[in-house]
Every structure is written in structure tokens, then in C-alpha cells.
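All chains are identified by letter, namely A, B, C and D, in their written order; residue positions are counted from 1 within each chain.
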Amino acid sequence: MSAVVHDQAAPSALDLRERYGEVRAFTEYLAAPLSAEDQTVQSMPDVSPTKWHRAHTSWFFETFLLQAYLPGYRPFHRDYGFLFNSYYEAVGPRYTRSQRGCVSRPGTGEIAAYRHHVDEHMARLLTRDLDDRISYLVDLGLHHEQQHQELLLMDIKHVLSMSPLDPPYAYPRRPAKPAPRTQAAVSWTRCDGGVVAVGHSRPGFSFDNEGPRHEVLLQPFGLADRLVTCGEWLEFIDDGGYRTAGLWLSDGWAAVNEGGWDAPLYWRCDDDAWTVFTLHGRRPVDPAEPVCHVSYYEADAFATWARARLPTEFEWEVTAAGQPVNGQLSGRDYVHPRPQPAPSFYGEAWAWTASAYLPYPGFRPATGAVGEYNGKFMVNQHVLRGGCCATPPGHIRGTYRNFFPPAVRWPFTGVRLAKDI
Amino acid sequence: MSAVVHDQAAPSALDLRERYGEVRAFTEYLAAPLSAEDQTVQSMPDVSPTKWHRAHTSWFFETFLLQAYLPGYRPFHRDYGFLFNSYYEAVGPRYTRSQRGCVSRPGTGEIAAYRHHVDEHMARLLTRDLDDRISYLVDLGLHHEQQHQELLLMDIKHVLSMSPLDPPYAYPRRPAKPAPRTQAAVSWTRCDGGVVAVGHSRPGFSFDNEGPRHEVLLQPFGLADRLVTCGEWLEFIDDGGYRTAGLWLSDGWAAVNEGGWDAPLYWRCDDDAWTVFTLHGRRPVDPAEPVCHVSYYEADAFATWARARLPTEFEWEVTAAGQPVNGQLSGRDYVHPRPQPAPSFYGEAWAWTASAYLPYPGFRPATGAVGEYNGKFMVNQHVLRGGCCATPPGHIRGTYRNFFPPAVRWPFTGVRLAKDI
Amino acid sequence: MSAVVHDQAAPSALDLRERYGEVRAFTEYLAAPLSAEDQTVQSMPDVSPTKWHRAHTSWFFETFLLQAYLPGYRPFHRDYGFLFNSYYEAVGPRYTRSQRGCVSRPGTGEIAAYRHHVDEHMARLLTRDLDDRISYLVDLGLHHEQQHQELLLMDIKHVLSMSPLDPPYAYPRRPAKPAPRTQAAVSWTRCDGGVVAVGHSRPGFSFDNEGPRHEVLLQPFGLADRLVTCGEWLEFIDDGGYRTAGLWLSDGWAAVNEGGWDAPLYWRCDDDAWTVFTLHGRRPVDPAEPVCHVSYYEADAFATWARARLPTEFEWEVTAAGQPVNGQLSGRDYVHPRPQPAPSFYGEAWAWTASAYLPYPGFRPATGAVGEYNGKFMVNQHVLRGGCCATPPGHIRGTYRNFFPPAVRWPFTGVRLAKDI
Amino acid sequence: MSAVVHDQAAPSALDLRERYGEVRAFTEYLAAPLSAEDQTVQSMPDVSPTKWHRAHTSWFFETFLLQAYLPGYRPFHRDYGFLFNSYYEAVGPRYTRSQRGCVSRPGTGEIAAYRHHVDEHMARLLTRDLDDRISYLVDLGLHHEQQHQELLLMDIKHVLSMSPLDPPYAYPRRPAKPAPRTQAAVSWTRCDGGVVAVGHSRPGFSFDNEGPRHEVLLQPFGLADRLVTCGEWLEFIDDGGYRTAGLWLSDGWAAVNEGGWDAPLYWRCDDDAWTVFTLHGRRPVDPAEPVCHVSYYEADAFATWARARLPTEFEWEVTAAGQPVNGQLSGRDYVHPRPQPAPSFYGEAWAWTASAYLPYPGFRPATGAVGEYNGKFMVNQHVLRGGCCATPPGHIRGTYRNFFPPAVRWPFTGVRLAKDI
């Protein structure tokens, strides 16, 4: 995180207190439907147990705020720093990531106590006059926790999918709005290109990887006004998309063959009928919904098949800049992509972009542990834009750069097409 | 399991009812100190979650008794047959063994209900007149469940050891009896060899692999009257045992180097002081206790270092034949090897033998699913004898053949020496 | 390969005949010092045996020229299409890449005969009037063979390095020119940035991935006028570069720890003295030489340590555009980086760039098998620029885009720094 | 190797000189048809390159004879001790076994020179008066080289099988004797059991693992008077043998599924016709030949299917004791199992036994490096008896114990049935 972030307008202490309470409570709200067993499982190395998310987000506040700025603060437990550090080398050694699911103790009870302990002490810290650095770190901690709220949902979806019982995370408490059963054809939002400015301009919070704001040169292009749907994906499948080497990147074709991929993750075909496992149980694939849980490789192959291409992250950003955030983000009742009104540039499913995740010109990771937040991951990943149905409201913005390796499928990842014009 | 077992004296229905209740209750007693989180974790592929053990032992009764012999019985859940079949190919496909820890649902609550459901229906079955086949299968199911009681303890020990908190499974509820701090030197129980009979002779229950009873020819030998102690093992370590290739089998030396072994599993050296993780927490290594959690490779290397050898399974059996079962088996209060009175041939820790696990002359695995119980594992394993501190009382006997691959260390495995005389 | 390449000026048949002879002969010249044993070994999956390179380059002409355009041509051997296809899915199945070193037959003798057979028939084809498509494909085949000449050298270096005998590929037949033992400090060639054109503009041969030519917007920058030297790398090592997590990308730090990296590939430290294995045997590290055989991760960490950064591929291209190709490329006598005159932008060692290997705007891979040449590798790799001491003269140019995954170290890969100004 | 071997009658120096020349020459005879490329390849970790076998057998004489007993002897090359030590920990470190195929230099020429150098110096040693220890070690070295002659053939068969060209090692120089196209039904050689003596009794050479001679108690049994044939194996295949879990050991069934086994190694089914790759090229499966290249798992499953069992090693030894060595061993013209006259107990294919490879009562591996020859492999393997078509004549005997892990298929391994009577 660059030192330059300090010149942003600091949130007021009052505002931070309120938001602290809300954000922390929303994590607990998301974990509430989950049993102790659910919260313990790590279904693959990429996934973390729910109770680990709950603890790690608390560790972030304990480590970077309470230990640093609350005089006399004593850590809740001497082993938690080791257990709940995710990847901060500067903070010290940590428990092997791939074995987080081997730790039964501390259990959910101890972790609830840990959260409570951190919250109580954070309340004390937040009553004080906060300088910009502290305000910034609290703000960062809240955005960090929101990211883990999304991770918690995508991780628990993978965990639950391992059971042959197809258990739902939650039943919809109110019915989803009736949606169009077919989706309108794509319209292309056109842009003439030229020199345009991208990246975050303060004030307002942003992660360090969103800046510095700078100019790039774009060629004329069109961007689809909605995501690719399941119906379109079924056409791709039916046309032999997963069996046609010529559509795929070489690494993608290897992944198809090694993984035995023949559809998005969580899809299954029984007796010629496709169903999909969702956080609300298994149900028929809805052709009108945006497709979700596809890798970059699949997104790219689909685009090739569709005689289009994936957009760059800047094509997306420039187009979305003037658009409302009208899509579905993480709500309290329903966590699955819904058919989109058009045009819609946010929500439902993250859009893979053709852009590798690299630093913007002038980017410098900060010295200090929080400098490890983003910069050290800038290789072997692609940028995704726009948020998804598991992104907390208020967390997404036009300059937000999410990133994943090209083979992953367990996040809520979808496809938005672009084309040259 | 051979058809020949039918000629054993069948236990009475009354006896079976009583024992059914006791054995099933003891499983729940063992699981009682464990949280839902503890019961969910699978810390390595060899380990099964506690809740899986509780369910699988119920599945055994449901599959081989209730579905076969209780008219009108309907399975508790259509997916449990898939989830809780361990390895019976004849019964159908099953959930991947190494991913048992990925299944959060059914949780401990559903599994308690499953056990209750099975118990209720078994009670109905056990009120009826039982033919020999049914009696035999109930008896088998109870011995099967006792085996899983031991597995449950060795598995949960491994699970708990993964936490840096060194959490105890249970605190001793009454203090262990004061034990001698040093152990008397070994005495050798001598046998002149010759043609002797080994294997199980009915009546009484035995597993199919314990028979047929047959004669073998032994050379004269001496068998140590107690297990190797931790104090003796410390001498082996101090003498460079783990760094001297010449003491080791070739596969053993590879295991030492790949695994970085320098002491038994669960031992750790901090500031020159050895401690050991036990089911009652971490504590100093006690030189008087039998050493435990060593592989066959380590047992063999130790024997070579001690200018002795491991006994064959028949040397053990012939010597133990006339001896009382005076060692510590699984009790209600304490699960860790205790210093032994001498002579003592049972309990504390299983003794690795030099005998590969192979069928006795005339052994035939039965047709039918329960025939998969033992016979199909008769390769790549060694026989262990004598039971351990986690073996349920009444479960061990002089002909009992336990077996494990030579590299494992998570069972309660120890060493008893033999020598030629 | 895009159809658009056809509008380039086609080389004359006379010119092609002559160049065909020269290029094919140079491959044999490079293989001449190698024994049949040398030519058979595959020392890791990335490496191909020399005899495979000799055969595969012939297969390219046989498949795309002789079988397609020489009437009545019959393949040399029915199994060679399977054995020597590298990765062209459209052409058919192929031998497992990682097992190329398991094939002893055909041997070097059969492969010499294969090359002769292809050359004889190519001579017939090249006497005819060639249309643009054929001329283009011959030209492509020659550039393809030149790429394999470089691969042959980097691969055989890895093969020879596996022998404890440190065998040289070739003894220098004439002594290397005396070189400065210390290297002048870096000067920075400055560029004001702005909108600039990059990519290949015809006429003249280029690979499809070098176009279309297009405009990009650059920020002001400075580019080092020489590569990083071994002397500078020794400072990085001495300063703990390989032990300082904060300098590394996360994937890079994992590679350091998994691979036990503490210096560039082929370096070894005995009694505090660093030596390096070269194609001319093992010898002391020369501080004045450009450093070579470092991964992208190491290049990036070094740049961070040096308070600089890696250039983008366009920063390199714009700077090198007006510069002479004055560095050392692959000659007949010496294959190792030499100390550079300054400024020097070509030769010695490929410069890793910060640019991910991605398509240029408007790039479309062609339909047909040769369309698999470049486009399908455009993910998970970084661009390298400038050629190296193993690049055939005439093969490099300012728009040339080489590419490798970030973890590789066996190519002749080095580092050129850039900085913001 | 036990000290007790010294009391055997030492071979005379004259006899040893002659045999030394013959054995060493036969190795070169076997390698003669192989190109430098053939001799370099290691097709899997278990396989060693031919040139490695040629060098390692020379290293044995150089290390244990010339360096130990020929005053003033200087090793041929300072790196060969490292390169050509197989597994003798006591002699020092060695090159990674699985990478023997990565070493192109020294090549076949240098290794021929190495053999010549060793032979010249051995000739000097063998002109002297030899004490028993030296005579014993020379004798051991010759038997060691004979073992590698067999390994050389089974290894090169695997190497050649990797090429889609199905290249023959050698064309039969004279036609195989016409053989019966069908094989007579098995007869069972009966034995009443009882206490019998097994193991080697001197004089005459034996490996340490063949002793001490001792008594064992056998039950009555019958042993098949010939090996299982390919025709019988085809019945097993046609009856679904490879698809019937109930026939297999658990580890065997896992191997079937992981390896995709559906026939012996080297068999292939094209258009319903089975062919087999042999050292003389690919050809139709001959139903009358003994089946070869099956694992212990397959042998055991076949025996179960045939309602028989595998013999113990002692059942084989007692039966074969009075029988002539009338089968085909390694000759100069043909290396493949031939249909057997009955009864026949030696040659064609090694017979898997039900006996795990364990020490005989009283076995002690010697101190010193040659003590690593056999004893340290006594775990995780099964004993095979009787020799095969690649065993040098004079090398096999009734007490000879060969051993392999149960999953291997590349040796010349077959099946002989036994049954209880």
C-alpha cells in the first residue's frame, strides 16, 4: 500500500465506528447459518474454513491496529498470530495454508470470543482521536473484511458442494423476483478509444493497486451490455466447445483434459438435463442467468467461439465509468447470479478481462507489512472487474481490480464479451 | 470371512443384546469429549473423522444386518450407503476416502440421529430368535465397532496434534498410578522351539484371519518380557540411530530422509529437552514408559542397533499363550502407555513383528461382502500383536492379528525384542 | 498465423534456396560436437533431445510444405508424424512431450537420413515457381528452425550440466576477445514517452505475434544501456537478496524456497568462490559479464532491490528501435554472454520485461495448423526482448517477442533495468 | 553378506580367471546389438541405462577388489565412484538413481575403456594367490554381474517398448524350435508336507539370503508342473478378470485402476487381436507360451480366479529340489518364454510366490559394504523362484531367492499355481 494513500480524505471517527460495527456484524450474519462442522472444513487448498475467515479478519485488526496503536493491549492468545496470519511475511511465520482445515481447535466458540475481544478493544481505540494513519488502517481493515465476506461465501459454496447431500447454505427467505426466462440479445456499448484516464482518483478509499491514476491509449471497441448467459453457454457446450482444441489456449486445453472439464464448475448433467449446485441447493440451469464459475481459460475459449474477445480491464473501466451500480451484489437473502437488466455492468459475476494483473505505471508497494496486501501477487493472474452476487454492497467501484489465476473456477467468475469496431 | 466360522458356538441373543448396548455406548463415551469441529477433521488420508467412525460403524449394522434381515427396514438416508461404506466393493461405490474430511454435512447431530435409528431397529432385530448367521454378523459388527473405537482414538490424536495449541483430548480424571521412574532390565522368556500350534481354535469369536489353526516349526528363541522403553529409545537417538544408514532397511532409510524423522512421532526437542504430545496434552518424555508411535522401519532399526531382532508373530503368540492380559488397555480415564510390570505381553503399545501379514495355510476369504474384511489386505503390511492402551478391553486375545504398512506411525505402535538362543 | 501476413513482400525462390541451405546446415553444425548419447537425453520435461530438434524441424517442412505442396510426396516414415509433432493439435496426436528422452530409436543415424530426405525433396520444391503462400511457409520454416537452433543450445547446456564431469559442449576454438574485467556504470537512455507506434510493419518477415503495428501511450522513462552484470548480482546475493521475502513476488518467494535457489542456475559456490557451468565448461564467475539464467522472479526481485524496475516490452522496443544490433549473437565459436560495450541493446542474454505475453490489439490467430504457432501460448508467460548469445544472427529484430513462463531459468535470460523519470 | 560364507569351498584362481573372462564377455555380447542411444535411455526410475549396467558392474570389481586388494591401483576416474555406486551407503554418496538417464557423458566409448581398464587390472589380481576372502569377492562380483545381465535385458526391453517403432533388440538368428501350439493341461506334483529342510547348504556359491539352511513345516500341497500360459490368461481376461474387484487384493485393485491395467505389460489389443512386444519385435500372443510381465497382484488375482493359490517359496523349493534345470534360460539367440515341456520348474519366467521376502532364521547381514547386497531389501517385496529366459545359465539354483515389489511388471515374471491337497 503506497504511502501516497495518506493524502486521501480520512473518514471521520464517528463514521468509522459505525461502519466498523456494521461490517463486523455482517460477517457474523453470513456465518450464522453455518454449523461448527461447516465452519471447520477446507475442501481444497484454495479454500479457507469459515472460522478461519472469522479469525483472520480479527487478527488483521489485532495486529495492525490494536498491537500497534492501543497502549497496553495484550493479544488474545499467543498462538493466534501464528494461526491466523494469512501471508504477511513481515509479521512472522504462519500455519501452512493448505492445512487450515486440519485445525479443530480453536473452535467456533473460541473464535467468537476472539472476535468479541477484538471488537471491545477496537471500540476503545475508535473512541479516541484518530490520526490519518490509524483511520486509514481501520478503513483498510474494513475493506479487507468485506473481501473476506465474499471469500467466505465462495469458499463455503465449495465446501458444501463436496457433500452428496447437496446441502443448501440457506434457503431463500423471500422468493427471488420473477425474472425473464429468456434474455435479450447483447447490445454493444461503443467507445471510440483514444487517450483516456484510468485508475482511482481520490478522495475516497481505494486499494493501492487501483492507482496511480494514469492515461492509456485505447483502440475503438464495443463492450457487451450484459454478461454471457447460461443459455449461451449451453450452445457452446452443444457445439463441442469443450472438445475443440482450436478454441483454447494451450494451458487451457491442458486444464480441460486434466480436469475432465465439460461444463462450468457445479454443473452436472443427468439424463440430458443440466443442473447446477447453488448456495440455495441444486436446481435446473436457468438459461437466462449469467453463467458463473468458469475459468479464464473457459472465458477465453468461449469468446473465441463467439467470434469476439475478452475486454481489457481499461475497456471495461472506461465503459463502466458512467454507469450505475445496478446489478445484484451480496444481499441478505439470495446469493446467486440473477438475470440482468440491460445495460448492467456490475454485480452477478466478476468479468474476466484479457489484462494480466500488473502494476500501474508509478505503482510502488509500501514498505511495511500492509504493503504485502496487493503488490506481491502481480504475476500469473488476470484482472476481473465489476463485482458479483457475493460482493458486499459499497465494496465495488469502477476502478476496483480483482485478480485470480486463470485456472480457478470456485469464485463467482463470469464472462463479458468485447469486440473491435 | 470364511464360512467355516459358522461352526463356532453362537452367542446367545440375550448376551448379544447386552453387549450391543455396551459397545455402542462406549463409542459415544469416547466421542463425548470431542467438539463438532474435532469430529469433522481429517488430518491426513489415513485418518478418518470421528463422526465418520460413528456413522460407518452404524452403516455396518444397517447394511449387513438390518437391510439383510429386518423385514421392511428402510435405510435412514439414501446417501449414507455411499458416504459411509469404507471399502466394500461388493456393496457398491463409495465416497473418496481421502476426502472424508471435506464433508461437513451430515453433521454430528444427524449422525447421532443415525446411530439412534440403527440402535432402535437393531433392538427389534435382537428380540427375535437369531440364527447362527445373524448372531455371527452381530458379533462381527461389535468387534468391528471395537476396532473403530481404537481407530477413533489414534485418529483424533493425530487431528489434535495438528493444532499448535497442543489441545488435550481429555484431562486425566483421576491421576495415573505412580509409576517406577526407571524400568527394570529386560528378561528374556525362553522357548525351545519345535512344532507348535498357532491360530484360533474355537469356540469363541475370532476374525477369519486368525485361522485356520495350524502347526509351525520354530527355532529356539527368547522374547523380551516387556516393551522397549522411551529411555532405551533416547539412547538409540543419542547414539545416532536416526543418522546411521547401516542400521536401516533400504525403504526405511528413504522414509527417514524423506520424512525428516529424528524421533518417534509426536516427540519434539526444545532446548535439549524431549516432550511428547499425548491425548492428555504435551509433557516431558518419561523414560520408563514404553516407546510408542514408531514405524516398522524404526522398530527394525532399533532391534538391529540393540543386537537383537523383532519376533515373528508366532514367537509372540506361543510365548503369550499362557500369559495373563495384565497390561493397560483402553480405559475410561487414561489413554497413553504406562510403565509395565514385568512380565507383560499385552497392552500399552502394539508390538511390531517380523512377520508379513499373509494368509494362514488353508485360509479362504468368503464370498460375499464381509469376505472383504481382512483377506484383501494381505500384502504390503506387517503383523502386530498384543493390543495397546487404546484397545477396548475384551477385544484382544493371543491369536489376534493386527496389521499396518511398515511406514505408519500414527497408531499406538511399539517394539518388543526377540533373540536367537 | 494471420492471413494478413500474405501481403508482405515474398522472398524470391533463389533467395529461399540459398537460405534454406544455410539454415539447415547451421543446425547440423551445432549438433556436430554432440555424441549420440548427448543427442538422446532429455534432462527435464522442458528440454528436448538434440536429435528431436533435428527431426522436428524437418517434420515442419515435411508436414507443411512437402505433404501439402509437393505432388506425390510420401512421408519418410509413417510414425515420424506422431513422434515429431510438437504441439499442433490440428495435425493430430503426438508423443508425450515429457517422454521424448525415452525414445532411443530412431537414432541419430536415422534422423540424419530423415533430414537428408527432406532436404532433397525441398530442393525439388524450391526449384519451382513458388506462390506467396509457399514462400511464406518456407520462410516461416526457416525462422522456426532458427528458433530451435537456440533451443538446441539452451537444452544441451542443461543436459550436459547433469553430469558431474562438467563436460563442455565445445572448447573455444579461438580465444574470446579480452574483455574489460570491470564494467562501466549504467547510463540511462531516456524517453519522454507519449503516443508511439510499436509492432512490426512490413515488408520483411515477422511472426504473427509481432503485429498488428499499433500505438501505445508511454510515460517518461529511462532504460539501462546495458544488462545487469554478474558483479552486480553478487552484490545482490551478498546483501541477502535470496533471503529477503520483501523483495519478491509471492510466487517468486515460493519458488526460491521450493527450489532452494540462492544464485542463478549453473552457479555454484565452493569455498566461497563462485563458479558457473558454461557450454565451454565450468569456470569462475566473471563480474563483468551480463548475468544469465535467472527467472522472471529473480529479475523482478533484483530490480526491486536495485530501486528500479523491469521495463515494459514497449519501453524496450521504442528505445532499441534506432539502435544497432551490436551485441553477441550465436556464432560459430563461443556461446556465452560477453561483457558489453555500452550502449548495447541486443544479444548476450534475453531481457525479461514487465509485460505479460498477450495479443496486440487486432491480433487474430489464423485458422489452420500454423495458427497454433504463437497465439495459443498467450497466457502465464512474460515477454523477453533482444536476443542472446545463442540466437542465430539475422533472427532477432526490434519487434521480436520471445516469451517464457516466469519460473524458467534454463534459457539465456538476463535483466535490463528501467526507471521512471 | 554373512561371515559364514567364508567356510565354503573357495573357487580356484584358475577357475575364477576363466569364469571372469566368460562372464565379462557375455555382458558385452548382450550390449553389442544396442546403439549408443539405446544404451543411454532410462525409461522409468526402475530402469537403468545399459551403459550404466556396464559401468556399475565394473565399479563393483574396482571398488571391492582393485581398490581393496591390488596395491597401487588408481581409480579410472575420480567421478565414477559417485556415478556408478548403486546403493552402497557405506561406500559414499551416489548419483540420484532416477536421473541416471540424464547423464550423457561418460558415453559408451568411455565406458568401454573403463571396462577394459578394470579387466586389465583384474587380470593382474587374478594371477596372484588369492585368499578366501578375495576369491569369495570375485565370485560374488561375477554373480553380481550375471544379475545385471538379466536386469540389462529386462531394462532394455522396457526402453525399446517406449518407441512407437516397436524396434527389436535382436532378430532371432536361428528360428525358435517349433513349439506345440496348445499346451497340455497342468499336472500337480504332490508333496505330503511335514518338516523339510530348505535353504542353501554349502559347498558352492550362494547369496547370503539363501541361508542359513533350516527346517520348515509344510502342509500337504500340489504344485503345477508348468507355468500359467497366455492362453489361460486370455480366458482370465475374457472372463472379466481385470474388472472383477472381488478377485483382487486391495492394493492390487488400486493398481489396476490407477494403471489402467487390462492385460499383462507389453500386450496390446488391436481389432480384437492381442499382440505382445518382445525383444524380437511385436507379434501375436501365443497361447502356448507361459504368460510373462505380470505383477504379484495379477498373479494373485489369477490364482483366486482359477480357484488355486500361489505357492510359498518353500513349496516351490522342495518340489524343484529333485528336478532338472530343463527350461530355457538366457541364450545367445532368443530371449522370450517358450512353451514348456512338462514337468518344468526352471526358466521362461520367474514364478511369483506367496512368500514375503524376509530373512531366514539366523540370518545376519555382514558388517561392511557388501552386507548391503540383500538384507536391507527385506521388506515390501515378494520372493520369486526358478529363473527366466533372461537368467544366465549357471546362475539359477533351487535355493535362489529373487525378489521384487508386488506392483512391478517389467521383469520376466510369471505364475505357477499351487493348491492344498
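FYI, a contact is a pair of C-beta atoms (placed from the backbone, for glycine too) under 8 Å apart; a residue touches a chain by one contact, two chains touch by 3 or more.
None of these values were measured; they are calculated from a predicted model.
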item: Separation of chain A from chain C, taking each centre as the mean of its C-alpha atoms, in whole Å; value: 38
item: Computed distance of Cα centres, chain D from chain A, in Å; value: 59
item: Distance from chain D to chain C - Cα centre to Cα centre, in angstrom; value: 46
item: Multi-partner residues of chain B (at least 2 other chains); value: none
item: Pairwise touch network: line, ring, star, complete, or other; value: ring
item: Chains that touch, pairwise; value: A-B, A-C, B-D, C-D
item: Residue ranges of chain C touching chain D (in the complex, touch as defined); value: 35-41, 43, 51, 79, 82-83, 95, 99, 101-108, 159-160, 162-165, 167
item: Chain A residues within the chain C interface of the complex; value: 87, 89-90, 195, 214-217, 219, 245-246, 248-253, 296-297, 300, 354-356, 358-359, 361-362, 367, 371-372, 376-380, 406, 420
